[in-house]
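Shared between the two complexes below is chain A, which has chain B as its partner in the first and chain C in the second.
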Partner chain A sequence: MRPLEERGEARDGAARVVAVEPVRKRGGRGSLERERRQAYWLVAPAVLVLAGVALYPILAAMWLSLHRFILVFGEKRFVGLGNYAYLLGDARFWSALGNTAYFTAVAVSVELLLAVPLALLLQRAFPGRGLLRAAVLVPWAIPTVVSARLWAWMFNPDYGLINRLLLGADINWLGAPGYALHAAILVDVWKTTPFVALLVLAGLQGIPEDLYRAARVDGASAWRTFRSITLPLLKPALLLALLFRSLDAFRVFDAIYVLTEGGPANTTETLSIYAYKTLMRSGDFGYGSALSVATFVCVVVLAAVWLRWLGREEVAR
Partner chain B sequence: MVRTLVCTFAMGLAALLAQGCQRSPESGRGDEGVTRLVLKYQPLWGPPEPFRELLARFERENPGVTLVTEALPNSSDLAHQFFLTALGGGAGDFDVLIADVVWVPEFARAGWIADLSEAFPPERVRAEFLPGPVEAAVLAGRTYAVPWYLDVGVLYYRKDLVPRAPRTYAELERYAMDAKARVPGLQGFVWQGRQYEGLSCNVYEALWGHGGRALGDGGRVLLDTEAGREALAYLRGLLTRGVSPETVMAFGEEESRRVFQEGRAAFMRNWPYAWSEAQKEGSPIRGKVGMAPLPTVSGEPGFGALGGYQLAVNANVSPERRRLAAKLIAHLTSHEANLVLAVHYARNPPRKAVYDDPRLKEQAPFIASLREMAERARSRPATPYYNLISDVLQSEFSAAVAGLRTPEDALQRAQRQVDHLTGEDR
Partner chain C sequence: MKPRVGVGTALAVVAFLTFFLGPFLWQVLTSLWPDGELTRPWPSHLTLESYTSVLWGRPFLRVVLNSLVVAALTTGFCLVVGSAAAFALAKLEFRGKGVLLSAALAVSMFPPIATVSPLYLILRAVGLRDSLVGLALPYTTFALPLTLWVLTSFFKQLPDELYRAARVDGCTPFQAFRRVLLPLAAPGLATTAILVFIFSWNEFLYALTFLTTPEKRTVPVAISLFASEHREPWGEIAAASVVATLPLVVLTVLFQRRIVSGLTAGAVKE
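Then we have the complex of A and B:
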């Protein structure tokens, strides 16, 4: 049903372009040129601003990362790839990378798993749906630093809410090496599941009702309907959520910084926190920049992988 | 309607901008020969008037000088970050700045703060101020900062639960275990074991208590030593033997204070600020708390980690402004100013003579009682590289306290990394 519609639209669009073309031609090549040039001028400010705020810092960081530049030492010396050579042998870097990857993988998968049923629930028509939709978004709306502080108190093993809810369990959430990273994951899941659910909900609403009606006529079970209609058609939305969230989670800083500052024993230290501490606390701008660039490269690789996968899915469709 | 609003807004914005432009020549030298002197500091908690009056007196005594105070973030980390970027970038728009004890050597090494030896000869500073703050302000025979107020790590104990303040670690442990056995749900000894600067303070206090030193001859940061291993083993042992709850690994100052404040711990290591909280009306432990120097192995009074601030002069400002800045520092660190800060803001005076002042005993008896502990306050390693290495210290100390690494292992790793970081420059 849908492909037909789409094809129809495309033909329609093409027809319109054809109709427009002669009009432009009558104005001559010059006016088209002028229009194009005008377009460049119109985008130029935006491009310049982007280059200034996005490109320049990236390039500056890359340039800095090739130097030995520690503020206290007061000298800046070109060392080429020296910082990167040190990075490859730096156990703390690898543990931070491991923590970041683990955090991203677990947090994003849990968020996706929770978001789908949540979105299905939110899509249903029932009294008070508007209220519930708004309520679900509250965790996402609270600034991360505030919610992290909130959770830090709730995680307090002695008088925190969490252990009390677990009937007086004696779990040392933020102090024990095995628990702290999971506690941070829990905070991230609590905070961003609503966002993922919203993305999924948007995907759900794009699925034509007719398909479900047809499935009902064919006597498909609810599970079968979900497997054969909802899930496949939801795939683009899920992939988009996966892309957004994993890139975001990979750069996680604020929540963990407030909860544990990377402790105990660096077991919750992510790449961003390690880079921040090296840059801003130690004043080691050279190595800190190398760490930021490494993080940047990781994010770019991750984005490339996801986009490729996403792109292929789109083509297959 | 909308257009009027937009117009008003735009005009307002323009007016603001114009005003901003007009104001800028004022900084530095003004039109009528008025010099603006800028003090960059963390506002003191308390009534604003006494401090304002202190500043006003300086203005009266130095006609033609206007004092401007600019607030820093309250977190010491963020304040340090500010100075790192501002001073590192050569900012000259503030004259006098506060510096934490561990920043002075760093700023001096980087050439960011001025040598004050002329206005404050090192011998005089040594004679007038307590040894701990002097250690942080006088480096290699030159004065780079002047102590403003200090903070020191102390031991709190419950007078109703333990017989007396413990002098040795063994006594502390025995009293804590006894109290725990008698009172269900009670914790023994709470302190700051989270991976942050507070942990380093606790570790250094244990190190001094075991007879160790932070710095060796020649200024090398000492970590992998017998006393270092004993200190970390002692802190880890507090957890494994149940003297301290495992949860101290998540505790900063406030978390530990809350447990103690609710009456759920027999001992606490903290800064003096916790005293006034404990004595507040409605506090469950009001009147039941004692304060003492930290214990040691030998039983002599222990050494508390030194906190608090020094005043220094931005090296980027002109010599003329530097002279004025030194005058302001002399005013703010005078005997009288020490007294104002003690009485109105509960800040411990770094001047020895203030502790003998009857006005202190009368108006701030609590601060007067801290004399012995203030005298024994010690600085964490006074090295230019402290902020460069403190991250390494925090993570290795944390690993040892959490039991992830043995003290030997953690200290060897820390020593290796610290020697690598500091060795590069020599």
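Then we have the complex of A and C:
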């Protein structure tokens, strides 16, 4: 969502410079110089904070990942790429990567598929629309940990709501390997579909009403209108939602930690969970850092791919 | 357009309402369900037992207070640092603007786990590991980028003429920011505050990693560790969850429009 805004800003930025010019001239060169200096002072604290809490830790994590470093033993020794060599042969890493990718792909697809009809619904005028709008924000506002607990209760094999609704089915949702990851996906879908729907809704509101009027005059069916007008014009919004949601889903931690802690038999272990366990349970800061850097690299690659696709869409328009 | 509600629309509304509200209502019902009766299909009566035992039998109020402190610290800190920077990004010309906004965006995409190990070591080294202040610091990793983006788009919406008039009247850029534009950006500040507050209130990974003593825990951590030795106290968990969530639900419903405009600030509209 943000890169578009940035580009938009650059576009009208050019216009603004022209308009500002006369005032600036009156102020003289010194005034412009002073403005620039003050601008740097105003952004300096934010830059320092971002560098301190984000940039430095990332670089430090990369440095730590080149060490054998067990916290409790205080042992710290440079091993170069040793941790990464181990990582490539670590079956648990590959399974965590697979779980993360599967979780991300399925959760984000379902969210997009549900969000489009929800957004179309939210855009229509009907009595009670305000209620629905407020209601869909409820899952978004609930802390992920709380929603995971809430679903864990509903997934309870003995007296959880879900098995009750399935008329006494006896499914151990969180304890059976095939089910647990899908249960986690359901929790994610419940929590974040509203957010995706809001992004899609903002996209819908940007489509000019004339196009629909013209389509009506031409006698186009609702489905045809949706396919030929709504969907193509919604594409940038959908791609942005895809970008934001997939990066977010890829770092999933809270929901899975609370639902299953990565079990049963590591079938729900994602990269963040595996890295967390290695860091905080085993106290292995070297390999744990390598795992977290690997997660970071995956996210960067994913972002680069999506941004490229998004950029191409923009050019095509 | 005339509102015409078809059967399809009505069904869709009911389906979505059930899906999004149902689990939360079930949680509320569970919290009022008598403790010994959870195995039964339906409660014989409703009771506040779970609430009294959570609020007075456990240090839960303390935990809520901790969360309030961390969220308030993070929010205040981000607003002070972020509003100045956002003003400069929106209204002043300087080199590196685009880079800064992209950097903020990139930071918000970091997986938090990627920064956990060094942050842990830093906080331990400076003696802030098990402290609420120490927790508010890493929270700025996700809260400051959010603040910058939302506030920059708000400042951009304020007319440039205001800034120029203040300058012509002899204000320095900083005075123009503090005396003229900042007061006008109040709605934007409120939106940002709500969003940062909600995000900080909900944060889990850093809180789980950096806080060790039970009395220091925040709400999500306390709820995640809410097990007793013999069985899961589902009624109490439900009651604690409702207590932890209700303020946010009320906030969200009240400021729904604000939150939506903040979340989609500069998003899909061009």
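We take it that the second predicted complex is superposed on the first by the 280 of 317 C-alpha atoms of A that agree within 3 Å, B and C clash if a C-alpha of one lies under 4 Å from a C-alpha of the other, contacts with A are read in each partner's own complex, and residues count from 1 in each chain.
Heads up, the rule we're going with is that a residue touches a chain if its C-beta (ideal position, glycine included) is under 8 Å from a C-beta of that chain, and two chains touch if they have at least 3 such contacts.
What you are looking at is a predicted structure, and each value in this text was computed from that prediction instead of being measured.
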{"item": "Which of chain B and chain C A:D158 touches, first, second, both or neither", "value": "both"}
{"item": "Chain B versus chain C as contact partner of A:P45, first or second or both or neither", "value": "second"}
{"item": "Which of chain B and chain C A:R92 touches, first, second, both or neither", "value": "first"}
{"item": "First (chain B), second (chain C), both or neither touched by A:L81", "value": "neither"}
{"item": "Partner chain(s) touched by A:P177 [first = chain B, second = chain C, both, neither]", "value": "first"}
{"item": "Which of chain B and chain C A:A60 touches, first, second, both or neither", "value": "second"}
{"item": "Touching partner for A:V146 - first (chain B), second (chain C), both, neither", "value": "second"}
{"item": "First, second, both or neither for A:M280, with chain B first and chain C second", "value": "both"}
{"item": "Touched partner set for A:P264, first chain B, second chain C, both or neither", "value": "first"}
{"item": "Greater residue coverage of chain A in the superposed arrangement, chain B or chain C", "value": "C"}
{"item": "Contact residues of chain A, present in both the chain B and the chain C interface", "value": "156, 158-159, 280"}
{"item": "Parts of chain C lying in touch with chain A, wherever the complex brings them together", "value": "1, 3, 5, 9, 12-13, 16-17, 19-21, 23-24, 26-27, 30, 38-39, 41, 81-82, 84-85, 87-89, 92-95, 98, 100-107, 109-122, 137-138, 140-141, 144-145, 148-149, 153, 156, 160, 164, 167-168, 172-174, 177, 198, 201-202, 204-205, 208-209, 219-221, 223-224, 226, 234, 237-238, 241, 244-245, 248-249, 251-253, 256, 259-260, 263-264, 266-270"}
{"item": "Chain B partner contacts - residues on chain A that touch it in the complex", "value": "68, 70-74, 92, 155-159, 172-177, 260-267, 269, 277-278, 280-284"}
{"item": "Footprint of chain A on chain B - complex, ascending", "value": "77, 80-81, 84, 88, 106, 109-111, 193-196, 245-251, 255, 258-259, 262, 264, 384-385, 387-391, 394-395, 398-399, 401-402, 404-405, 424-425"}
{"item": "Partner chain C, residues of chain A touching it in the complex", "value": "1-6, 8-10, 16-17, 19-20, 23, 26-27, 31-32, 34-36, 38-43, 45-47, 49-50, 53-58, 60-61, 64, 117-118, 121, 124-128, 131-151, 153-154, 156, 158-159, 161, 164, 190, 193-195, 198-199, 202-203, 205-206, 236-237, 240, 247, 250-251, 253-254, 257-258, 271-272, 275-276, 279-280, 285, 288-289, 292-293, 295-296, 299, 303"}
